[in-house]
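Each structure below is given as structure tokens.
Shared chain: subunit A. Partners: subunit B in the first complex, subunit C in the second.
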Partner chain A sequence: MLRWFARRLLLAIPVVWGVVTISFFMMHLAPGDPARTALGEKASNASVAALRHQWGLDQSMPLQYLNYLKQLVHGDLGTSVYYHAPITSLMAQRLPVTIILVVLSAILTMLISVPLASRSATHPNGIAAVAVRLFNAVVQGAPTFFIGAMLILFLGVRIAIFPAGGYPADIGGRAWALVLPALTIALGTVPIMVRGLRAAMIESYGSEYVAFARSKGLPERPIRYGYVLRNAGISGVSILGIQVGALASGALVIEQVFAIPGMGSMLMTGILNRDYALVQACTLVFGLLVVVVYLGTDLAYARLDPRARLS
Partner chain B sequence: MKRLKTLCGAVALASTVALTACGGSGTGSGVAQSGGDLVMARADEATSLLPSVPTDNASIWVIEEIYDTLTVPDQSGKSVQPSLATSWTQSPDKLSWTFHLRKDAKFTNGKAVTSADVKFSIEQNQKSDAPFSFIDTVITKIDTPDAATVVFHTKKPWSPLPADMALYANSIVPADYGGKSATEFAKHPVGSGPFKFASWSKGSSLKIVKNAKYWRKGLPHLDSVTFTTVPDSNTRATQLASNQIQINEYPSNSSIKTLKAQPNLTVNMFPSSEIDYLSMNVRRAPFDDVNVRKAISLAIDKKAILQAVYYGHGTLAGGFLSPTTWAHNASIKPVPHDVAAAKAALAKSSHPHGFTTTIMVGSGSQDSSSEAQLVQGDLAKIGIKVKIKTLDPSAESTAKHAGNYDMAFGLYTTDIVDPDEIARFAGTYDGGSNTLYSGYKNSKMDALAATASSSSQQSERKAAYDKMQQIIADNVPYIPLFYVPGIYSYGKVKGFHPAATGNYFLEKVQLTK
Partner chain C sequence: MTVDSTGEPLIVEGLSLALDIGGVQLNALRDVSFSLRPGEARGLVGESGSGKSLTLRAILGLLPPNARITSGRMVVAGQEFDLTRTDRDHRRRIARLRGAQIAMIFQEPGVALNPVVPVGRQIVDAVARRNGLTKRAAREYALHLMELVGIHDAAAKIDAYPFELSGGLKQRVMIAAAVAGEPQLILCDEPTTALDVTVQKQILSLFTHLRDELHASLLYVTHDLAVVAQLCDSVTVLYSGEVMESSDDLRAVFDGAQHPYTEALLHSTPDVDRIEQRLYSIPGSAASLSDRTDGCQFAPRCEYARDDCRTGSIPDTSGTPGRVVRCLHKVGAPADGVPVGGIDG
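What follows is the complex of A and B.
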């Protein structure tokens, strides 16, 4: 177990290095000048040159890359030129918000998907199953920002239960403000989850162990929870694990719509303003997040499925 | 001032649907109350509150509430009024300006504002990495004969100096940042303005509170102002409708009609110095031919663009200096839309049967992209095939500065009330933008700009600016398209009248019941 864990961690290093390197070169090779963007179009060329020098942008790209790696190895993410602040302190404010948002939307995804999937698995031709299919089609077809705008309109303005976007200062208000964005992101993943779970459950219902359980006279409820869901859950976990990347990128768009100050809105600002260090740091953190989640998914596999060995 | 017309195109699509459906609860014309917290939502967050650092409006408008400047623009944007300085005079040899400071102004740390603070502040903006250092390069030396007198020595006779002193980047901070480093000071800025910095939760909100010891007695009315960052224009509009916020910066053009229909919301347009233009790269063929440029100018149906993209909010532009400045040349009329004349002009050119070219558009701006499509249609009628090339704003700016484009849209606003800044920026090759990125070079323009800034006779200055505008109109390196107002929508608010230069004057604003 420990050896497995250590090996997986070692394997994560080249992945992270790859993410860091690709984001470094993509940002630096993209046209656009951070110094000009920061100083505005009226600033003199001399001012722009002075700032480029101050930020080390007048050095050769390989040198800048080496300096960046050196900095990174020392645990220094650098300074955001847009926010005029060290990136670690910006992360400390923003990362928890996005993680809470992603976790909340993962929970909501499960809370919505499991009942929908099991209902349409037990009654594949019922009205409910048709309704679920329709719901899936609509939700998957509509872009998330549109769903977000509609949720704001109906639950934020018409029936004003939730705030119409924004992020209040108090904890309770914040938790409340995160519900709609989390729901919006979750709705993007629900159709995929429902479809996967439903298929796995139907397959499980047709299996011999379910036939055996029925023949020994077990009632439907324990069969559903103890046998069918337990087995279908394995595919559910893998779908959720893969979808975390999608949840995180969903957060990127949805944070803008709901004015939630998380990583997504910071990454967008960073890209538009060519804040190299900030974009690289955000990509690195998103990369790490995905690596960690995949690790967690594998651990969950082992927990759910005794056949899977951690070796 | 820099303003990116960022509007998530896809979201804009949804906005119309959402806005037609939402109801309002604010009252536009209620009884003014004293105190209260005003919440103002904006698209972008402020970047820095150190006056010499930022160029974004989100920062500038907060800086103007926290700090004072020596002079302050008046409402119309035509001249400046006393602020920290009560009076100013130019020396007989015209090579220095003396400013007399008021003695009752105090920083919020309790210390009086003195000439030493002024000297330190202006010197910060003269540092080479300050974006607006070009405004202060004309100042060679700053003397402080006593605590209430400042003398600016200038390289050459310089009439715009009192207007330059109203620039936010020339805001007065305590000398040596009160003993702190610039970075530390920026976290807890101290000024002498109507409001005092309270807190900044990065990414979501910035709060300023009333400066009870403000030297203008009886002001401000409000207890505090909270600036929230809400990137999506649609979300800002719904927040306004539910009175979660009271002022919405930059409602999208498409939403204004629906906003106006709501009884409890006010949509107001204030004269602003903004001019939107279409620039042509005269360094490249066929734009090096003035007949080609004239043909393009005649072929574009500006009125149709104004209606379709701006929903009629704005006026067709003539001279390149805005009607908000006294230097505006009113005798230059907008070029009429005339396809026959356009064809005739093209026939006289090096490309009588048209050509293929590109127009560069910044991504994320729904407005620019619609504008480009309309221009594409108009130019097709005279045989010019236009391809639309979309670049993200930062890449677009680099391409413009490098002169690596054919045609591109843009906008400019003035930062100072004197016409000098824009006359140089948009009129001269060396004024920072190579004549609005067109690459048009004309030594007469440089000479006229120099005459205008050194003369202290307004009539003489006006004559020079009139000529500059005429030269641009005759040579068409770019087409001034529209004079665009500043648009704000607000709910329970009274006394909100931004100046033509954009200053909010929030000390005069009140909430209503």
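What follows is the complex of A and C.
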């Protein structure tokens, strides 16, 4: 177990290095100059050149890349030229918000998907199944920011149960403010989850082990929980693991729509202002997040499926 | 609950069943009847596709969603069931039989056990729930059952997952789970087909042992007449969803099959005492569901078949109680003793 874990961590290193490298070169090869953006259109060429020299942007790209790696190895994410603050302390404020948002949307995804999938698996022509089909068509056709805007309109403005946006200072208010954005993100993943879970449950219901359980006289309820959901849950976990990437990228967009001060809005600001260090740090952190989630998925998988425990 | 001495553990009468395949209703079983006496083991014999497994599943109400029973009734330990009913009340009554009165052992132990639950728990989950056993009592009972079915190191195997056990052990686990509710009747759906020959032999002797121990009746589905000869008292031969021949006395069929299909089936069973160049095989192959016609289903492959075999439904011509022979031109009957096709024409 410990060896397995150590091996997985070692395997994560090249992945993270790849993320760092790609984000570095994509950012540096994209048009736009951070010094020019910071000083404005009217600044003199001399002052721009001075600032470029101060930030090390006049060095060759391989050299900049090596310096960046050296800095990362020391645990330093650099300084944001836009916020004029060390990125690690910016992260400390922003990262928890985004993590809570992603976790909340994962929980909501499961809370919505499991009953829907379960109902439409047992009653393939029932109301739930028809509703799921309709809902899937609508949600998959509409972009998340549109769904977010609609939720704001109906649940934030018309029937003002939830705040339409913003992030208050008190904890209760914050939790309440995260519900709508989390729901918006979740709704994008629910169709995929419902379809995967429903297929797994239908397969399980048709299996010989369920027929045998019935022949033993086991009632439907324990069959549903101990047999069908227990087996379908294995694919549910792997779908959720894969979808966390989608949840995280959903969070990036949705934070803008709801004015939530998380990683997403920081990343957007960074991109618009050519804040190389900030963008690279955000990409790196997201990469790490996905690696950690995959690791967690594998652990959960091994927990649920005894056949996966051996290796 | 015990069966009163006169009540048969199972009577099935006139069971007919249609399968919906692509919107077309096809008759998979036609007028199937048989019964079991207390403690009796009846072999239900036929080729694949003859409807043996469907018959078992119809009894337990575990048919696939595209199957519909069009006629038939069943009596289990004095309780009568109209099998064509599909209402909630009927389904509940059938469900109450499962495990307690009738249990079933499936063909493939590899897929009939829940892959993510330890085998010990699967043996007793239903019965523990029904009888309100404590966790400890359930575990004790599981250990007892595992020993009963010949799993020697039961304590070491009770927490194993199905994938950690061999095919033979998994089949023993399934048998333990089936007998856990002390049913009067055990339906066996080719329980040894998926096993290799030596394990097959062990499982068969386990069935013989369990029959004596538990006084349960067996309805044993197989395509293997040698297994029937070893284990059963009586036999019902199915072909394309219809009973061809049936006898309460197994020997009567083995010594003197009257239906051409039974004769052919016996003829195509390998026998070490009978050294032949090639094993006999019945010409042609069983008709698919959509090719079933009027008259005797076996007629197209039967060497005795005449024109009258191909129309109407074939009556029972045995004339002996406890025996059914649905054939107009029985084996061993005086050849052409009955005028065929009009002698005066």
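As a convention for this text, the second predicted complex is superposed on the first by the 310 of 311 C-alpha atoms of A that agree within 3 Å, B and C clash if a C-alpha of one lies under 4 Å from a C-alpha of the other, contacts with A are read in each partner's own complex, and residues count from 1 in each chain.
As a working rule, a contact is a pair of C-beta atoms (placed from the backbone, for glycine too) under 8 Å apart; a residue touches a chain by one contact, two chains touch by 3 or more.
Source: prediction; values computed, not measured.
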item	value
Joint occupancy of subunit A by subunit B and subunit C, clash or fit	fit
Touched partner set for A:82, first subunit B, second subunit C, both or neither	first
Winner by number of subunit A residues touched, once subunit B and subunit C are compared	B
First (subunit B), second (subunit C), both or neither touched by A:280	neither
A:23 touches, of subunit B and subunit C: first, second, both or neither?	neither
Touching partner for A:266 - first (subunit B), second (subunit C), both, neither	first
First (subunit B), second (subunit C), both or neither touched by A:144	neither
Touched partner set for A:113, first subunit B, second subunit C, both or neither	neither
Touched partner set for A:189, first subunit B, second subunit C, both or neither	neither
Touched partner set for A:211, first subunit B, second subunit C, both or neither	second
Subunit C versus subunit B - closest C-alpha approach in the superposed model, Å	46
Residue ranges of subunit A touching subunit C (in the complex, touch as defined)	206-209, 211-219, 222, 226-227, 230-231, 234, 304-307
Interfacial residue positions of subunit B with respect to subunit A in the complex	2, 6, 8, 10-11, 13-15, 17-18, 21-23, 44-45, 47-48, 50, 53, 55-56, 128-134, 183, 186, 201-205, 228-232, 234-235, 238-239, 241-242, 244, 364, 391-395, 397-401, 415, 421, 425, 432-433
Touching residues (chain side subunit A, partner subunit B) in the complex	30-34, 36-44, 46-47, 50-51, 54, 82-85, 90, 93-94, 143, 145-146, 149-150, 152-153, 156-158, 160, 163-167, 169, 256-259, 261-262, 265-266, 268-269, 271-274
Touch list for subunit C against partner subunit A, complex	57, 60, 62, 64, 95-100, 103-104, 106, 108, 111-117, 122, 125-127, 129-130, 161, 163, 174, 177-178, 180-181
